[in-house]
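Structures incoming, each one as C-alpha cells.
Both complexes below contain chain A, partnered by chain B and then by chain C.
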Partner chain A sequence: MINSPKHLKYSKKMSPWAMARKKFMKNKLAMVSTCFLLFVIVISFLAPYITTTDITRVNIGETSLPPSSDHWLGTDKSGRDVYTRLLYGGRVSLMVGISVTFIVISFGSLIGSIAGYFGGVVDNLLMRFTDFVLNFPFLVFVIVLNAILFGTVSGVWVLIIVISLLSWGGTARIVRSKILAEKENEYIIAAQSIGTSSAKVIIRHLLPNVISAIIVQATLLFAGMIAVEAALSYLNFGVPQTVPSWGNMLSSANEPDVLQGKPWIWIPPALALIVTILSINFIGEGLKDALNPKSTR
Partner chain B sequence: MWKYCLRRILGMIPMLFLISIVVFTLAKMMPGDALSGEIDPLNTDPVYIEDMREKLGYNDPYHIQYGRWISDFIQGDFGRSVRYKMPVSDLIGEKLENTIFLGISALIITYFLSFTMGIFAGRKPYTIGDHIIGAANYFGMAIPSFVAGVFAIYFFSFHLGIFPSNGSVDITLQNGTMEYWLSKLHHVILPALVLGLLSTASYTQFLRNDIIENSRKDFVRTARAKGTSNRKIYHVHILRNSIIPLITFLGFDIVSLVSGAIITETIFTYPGIGQLFVQSVQTNDYAVLMALTMMFSCLVLVGNLVADILYGVVDPRIRLD
Partner chain C sequence: MKELKKIEEDHELLRVKNLKKYYPIHGGFFKRKIGDVKAVDRISLTLKKGETFGLVGESGCGKSTAGRTILRLTNATDGEIIFDNQDITRLRGRKLREVRRHFQMVFQDPYASLNPKMMVGHIVDEPIRNYSSNNHRDIRPKVKQLLNKVGLREEDYYKYPHEFSGGQRQRIGIARALALNPKLIVADEPVSALDVSIQSQVLNLLKDIQEVFDLTYLFIAHDLSVVKHMSDRIGVMYLGNLVEVATKQDMYKNPMHPYTQALTSAIPNPNPLRRKERIILKGDVPSPQHPPSGCVFHTRCPMAMEACKKVVPELKEVRPNHQVACLLYDR
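Up next, the complex of A and B:
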C-alpha cells in the first residue's frame, strides 16, 4: 500500500470497498453532510406524521404571520404554515432529484455501455443521437415540453420525465469513455474468449469497474437536479402551484412586499436548498476521494 | 484548420434541420394556437375566428405549414408577434441588444473577479485568504443562480439600496445621454454578477489549482534560479501558461449564458430575450417562441463549435480532423 495515507491502517484482507468506506468515514465534512442529508430525507418523507396541519387549506384569518410558537416559521400569504410546507416541499424536491438521478443514471449508463462496448456502427449511431440531445438548450426545451405535457400526466411526474429526457446525454458520454478504456483490459478478452455473453461481460465485468465514476456522476446530478427543479418551479414551469416544493415556495419572493418585508416566507426554502445542495456536493467530493485509490488525503 | 471549421459549420446544417422539425412539432403540440391567445372568445364571432384560422393557414396539413414556416425563416421572416403586434425580428433585435450587454458584462465581471481571486489564492495556497476564497467558491457553486438573485435583490436593492432591482435603464432618461449609459451600467451590474456567479467560482478554482501546479514546474525553478522577481514569475511566466486552458471555457460560457439569461432576466425583470422567451411560452406567442428556440439552439451549436476550435488553437497537440 504505497499510496495509502499513514494514519489509515488497511489490513490486507480489506476489499477496495471496505477501504473506500474507511476513507470516507474519516472525512469529517462528508460524514456531517451525509448525516444532515439523511436527516433531511427522513423528516421530509415523514412529514405527514410529524405535522398535522393541512397544507392545502387556505386560512384567511392567519395570513402572513411572522414566526411564533404556533407557527414556527410563520405563515405565507394564504395563511398556510411555512414550516409544514417546508417539510412537504422537501419531499417533492428530493423526490424529483432522486427520481431524475435514478432514471438518468440508468438510461445514460445503458446507452454509454452499449456504445462503448460494441463500438463501430452502434457506437456511431448512439453517440450521434446523444450529441443531438445534448445540442438542445436544456432549460428552453424543458420549459416548452413541460408546457405541452402539463395536465396530461399527473403533476410532478411530468417534470421528472421531461428533465430526464433531456439530461442523460452527459452521463452516457462519461460511461462510454470509461468503458472504452476499460474494455481493453486482458480480463475482458479472457471473459470474451471463454464465450461469456456480451450482456454478462458488461454487467458482471465492465460496469463494476466503472461504478465509481458513475457514483460520483450521480451525486453531481442529484445536486444539479434539485437546483433545476427549484429553478423551474420558481419560474412557474415546474411542479404545479398546488404542490408545495422549495422552488414553488421561493416564487413568492417575486412579489416585492414578500421579498422585502416578509423574509420568513422565502428564506427557509432558500436556506434549505442551499444547505442540501452544499451537503450533497461535500458527499460527492468525499466519495470522489474515497473511491480514488491514488488519492492520499 | 479552416477546412475543419468549414466542415463543422456544414455539419451544423442537418442538425439545425432536425432541430427545426422538433421545434415545429413541439410548437404545434402546445395547447391552443396564436389566435386562442389573442382573441377573447366571448367577444368575437366564432365564425370570424375560423375564417382567420383558414386565412392564416392554421388548417393546412402540417408539412405544408412547416414548409411555409421554414422557408420564411431562412429568408429572415420570423413572422409577427401576436402579443406585441410587431415583426418578431424587430422585437428580438430590440431585446437582443440588452441580453448581449448583460452577457458581456457578466463575462467581464467573471474574468475580473476570477483572475483577481484565482491569482491571489494560487500565489498563497493553504493560507487563510486561500481558504476564505475556497469556501466562497464552494458557496458560489452550490447556490442556484436564482436563489443568489433573490438574496442579491434583498440585500443590495432593498436593504442597502445601492442597485436597482428591475429594468434595464431608468425610463425617464433620454437615449444617448451620458446619464442614460451610466444608468444602463448601473442596472446591469447586479444581474451580471448573478449570471456570472457560477463561472466565476469555477474559473477561480481552476486558475488557483493550475497556478499551484505550474509553480512546481521546472521552468519556474529555472526562472527563480536566474533571479527573476516573484511578481514577474507569477504574472508573466505562470499566468501565461494557466490562461491557456481557461480560454477553452469561452465556448461553454456562451451556452451557460444563454440558459442563465432565462432565469436571471426573469428575476430582475430585465427586458432581454430570456424574459421574452418566458413570456412567449406563457402567452402562446408561437412565432416568438419558435424563433427564440431556434436561436438558442443555434447559439448552443456555435458555443460547442467555438469550444472545439479553441481547444485546437490553444493546444496544437489536439488535432482537429
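Up next, the complex of A and C:
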C-alpha cells in the first residue's frame, strides 16, 4: 500500500472514510509511527510473558549494575532489572494516556456538542462551568485530589481520574466551536425538518462531520497525557512509587551521580517517552491530513 | 399545456394568518433588546390542496423565512398557521414531530443540504426511520424505488453525495422530501443554485411528482419565469409584506401593485417588437430593521401619494381572485 502510485485513484464508490484511510496509508511517516506505537503497546502489555525477572524483587547484591547479558539494560539503585521495569512502566504510562484520552474525549465531546447544538442558556451554563474547571490550577489540584482520593481506588486509577477531571475543558471548547460552525449547514435544518430528534441530529449528523477534529485532538491529548503522567510521577505526585512507570523511573535521575555516572538507569525510559510521544504526534499529523478533504499531500 | 392537475377548491390545506417573524436585535452594555428585524411582517395566505403557490420577491424580502416559519423550523413571533384544519403554530415536542411528517422542504443549496458523510440511501431513508422502527435493510426496496421515481438509479443508493452533480443532488433532496408521502412541500428556491440547463429538468420533475404524489407546493423563488412555469397562484413579497396575490395569468397580464408592475416589466422578452418599457425602481430596499412608515414601498414607489406615508394598506380583494395591498385601489 505504501508503494502505491503517486496519484491516488479514488474509486467513485469510496466512502469519505475509505478515502481518508487510503490517504493515511500513503503517509510513510505516519505508518511507521503507527507500527512503532503498536509495537510498544504490544510489548508493554505482553510484559509478563516476555520478561522473566520479578518486577518487585529488590536485590541488594545487584544494585546499579551496568548492562550485561543477565540484565540487558542494567539494574537500578535497588537492584531491579531496568529492562523489565521499562516494559511494565510502558504499560502504566500507556494505560494512563489511553484512559485519560478516552474519558476526556467522551466527556468533552458530550458537553461540547450539547452546548454547541442547543446554544442559548444551555450553552451559557455549560461553558461557564467549563471555564470554571479550566481555571483550576492544574498542579495544585492534582496534588490535593491525589491526596484526597488516595486509597479509595487502586493506585493508577487515582491519577487517571484526577487528570481527566481537570483536562476535559479544552476538548469541550474545541468540539463546541466545531459544532457551532457545522450546525449552520442546511443539512442540519433538513434533518430537523424530517423529524430527526436532537440527540440523533447530534449523533448521526454533527459528530460524524466534526470527528476529524476530535480524532486529531485525541492524538494530541494522548501524547500530552503520557508526558503529564511522566512529569507528575517525576515530581512524585503521579502514580505511587511502588508501581513502575516511565515517569517514576526517570525520577531516580534527580540524583547527580545517577544522572552523570549511571545513564542506563534513566536513558531507556527517557528514550521510550520521547519516541512514543513523537510517533503519536506523527500519527496525529497524518490523521489531520488524511481527514482533511482539501489537503492534497 | 397539460392541465390535468386537480385542485380541490374547497379543501384548504394551509392557512396562514397574520404571520410575523421578528428577529430581536440586542445591543448596548446590558444586551438589552433594542429593536427587531422584521423579516416577515403580517402575511396571510391560503393554499388549496393540489395547487402550487409561488412566492416571489427579491433577496432579503423574507420569503425563505416565511417558508421556514410556516414549516415550524423557526418559531413564529405572532400569527397563526393552520395546517389541514389543525393549528400548528404553538405545537411542541412530540406533537410537532408527529405533524412534521406531513410537510417537507426542498432546500436551495444542494451542496449544503445533504450530509456529506452519509450514504445516499441512508439520507433518503432517514425520514422513514424517524417515524418507524425499520432499519436500513427493511426499507431498502422502497428507497430504491423512490430513487427511481426522482430519476436516479438504484445503485446510487450506495454512493455518497460528493459523487453527484448539483442537479442529481437536488433529486436526492427531493427523494428525501417525498419519503414520508407528505401533503405539502415547501420548495425554497430549489433551482436557483443550479445550472440553467439543469433547472428545467428539476422543475419538470417537481411537476411530475406533484401529480404522482398528490402534492401541494409552496414554491419560493426569485426568478419570475421559473415561478410562472410552476405556479397556479402567485404572491409577491416586498420587505416582509405580501403586496399582491393573484392567479398566474392575472399576475403577468395585469399586475396591479406598482412593485409587481416594476417586476414584471423587468422580465426579458425575446421578441423585440413586444418589448415594453421597463420601470426602473430608484434606491435600495430599506432595512427591515427600520421599515418605512405606512406602506413599506412608498420610498421607491413611482406612484406614491402623501397618504402612503401614514396609512398601512391592507391586502384586499380588488378583483375576483386578485388581492392587492395598495392605497391606489382603496376606494
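We adopt the following convention: the second predicted complex is superposed on the first by the 291 of 297 C-alpha atoms of A that agree within 3 Å, B and C clash if a C-alpha of one lies under 4 Å from a C-alpha of the other, contacts with A are read in each partner's own complex, and residues count from 1 in each chain.
Convention: a contact is a pair of C-beta atoms (placed from the backbone, for glycine too) under 8 Å apart; a residue touches a chain by one contact, two chains touch by 3 or more.
Quick caveat: nothing in here was measured; it's all calculated off a predicted structure.
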{"item": "Chain A as common anchor, with chain B and chain C clashing or fitting", "value": "fit"}
{"item": "Which superposed partner A:V122 touches (first chain B, second chain C, both, neither)", "value": "neither"}
{"item": "Which of chain B and chain C A:V144 touches, first, second, both or neither", "value": "first"}
{"item": "Which superposed partner A:S197 touches (first chain B, second chain C, both, neither)", "value": "second"}
{"item": "First (chain B), second (chain C), both or neither touched by A:L46", "value": "neither"}
{"item": "Arrangement angle, chain B at one end, chain C at the other, chain A at the vertex (C-alpha, nearest 10°)", "value": "100"}
{"item": "Touching partner for A:C35 - first (chain B), second (chain C), both, neither", "value": "neither"}
{"item": "Chain B versus chain C as contact partner of A:L235, first or second or both or neither", "value": "first"}
{"item": "Gap in Å between nearest CA atoms once chain C and chain B share a frame through chain A", "value": "8"}
{"item": "Complex contact set, residues of chain C against chain A", "value": "68, 71, 73, 97, 100-101, 104-105, 107-109, 112-119, 126-127, 130-131, 158-160, 162-163, 173, 176-177, 179-180"}
{"item": "Chain B residues within the chain A interface of the complex", "value": "15, 18-19, 22, 26-27, 29-31, 138-139, 141-147, 150-151, 153-154, 158, 165, 255, 258-259, 262-263, 266, 277-278, 281, 289, 292-293, 296-297, 299-301, 304"}
{"item": "Touch list for chain A against partner chain B, complex", "value": "132, 135-141, 143-145, 147-148, 150, 223, 227, 230-231, 234-235, 237, 250, 253, 256, 259-260, 263, 266, 270, 273-274, 277-278, 281"}
{"item": "Chain C-touching residues of chain A, taken from the complex the two chains share", "value": "12-17, 185-187, 189-197, 200, 204-205, 208-209"}
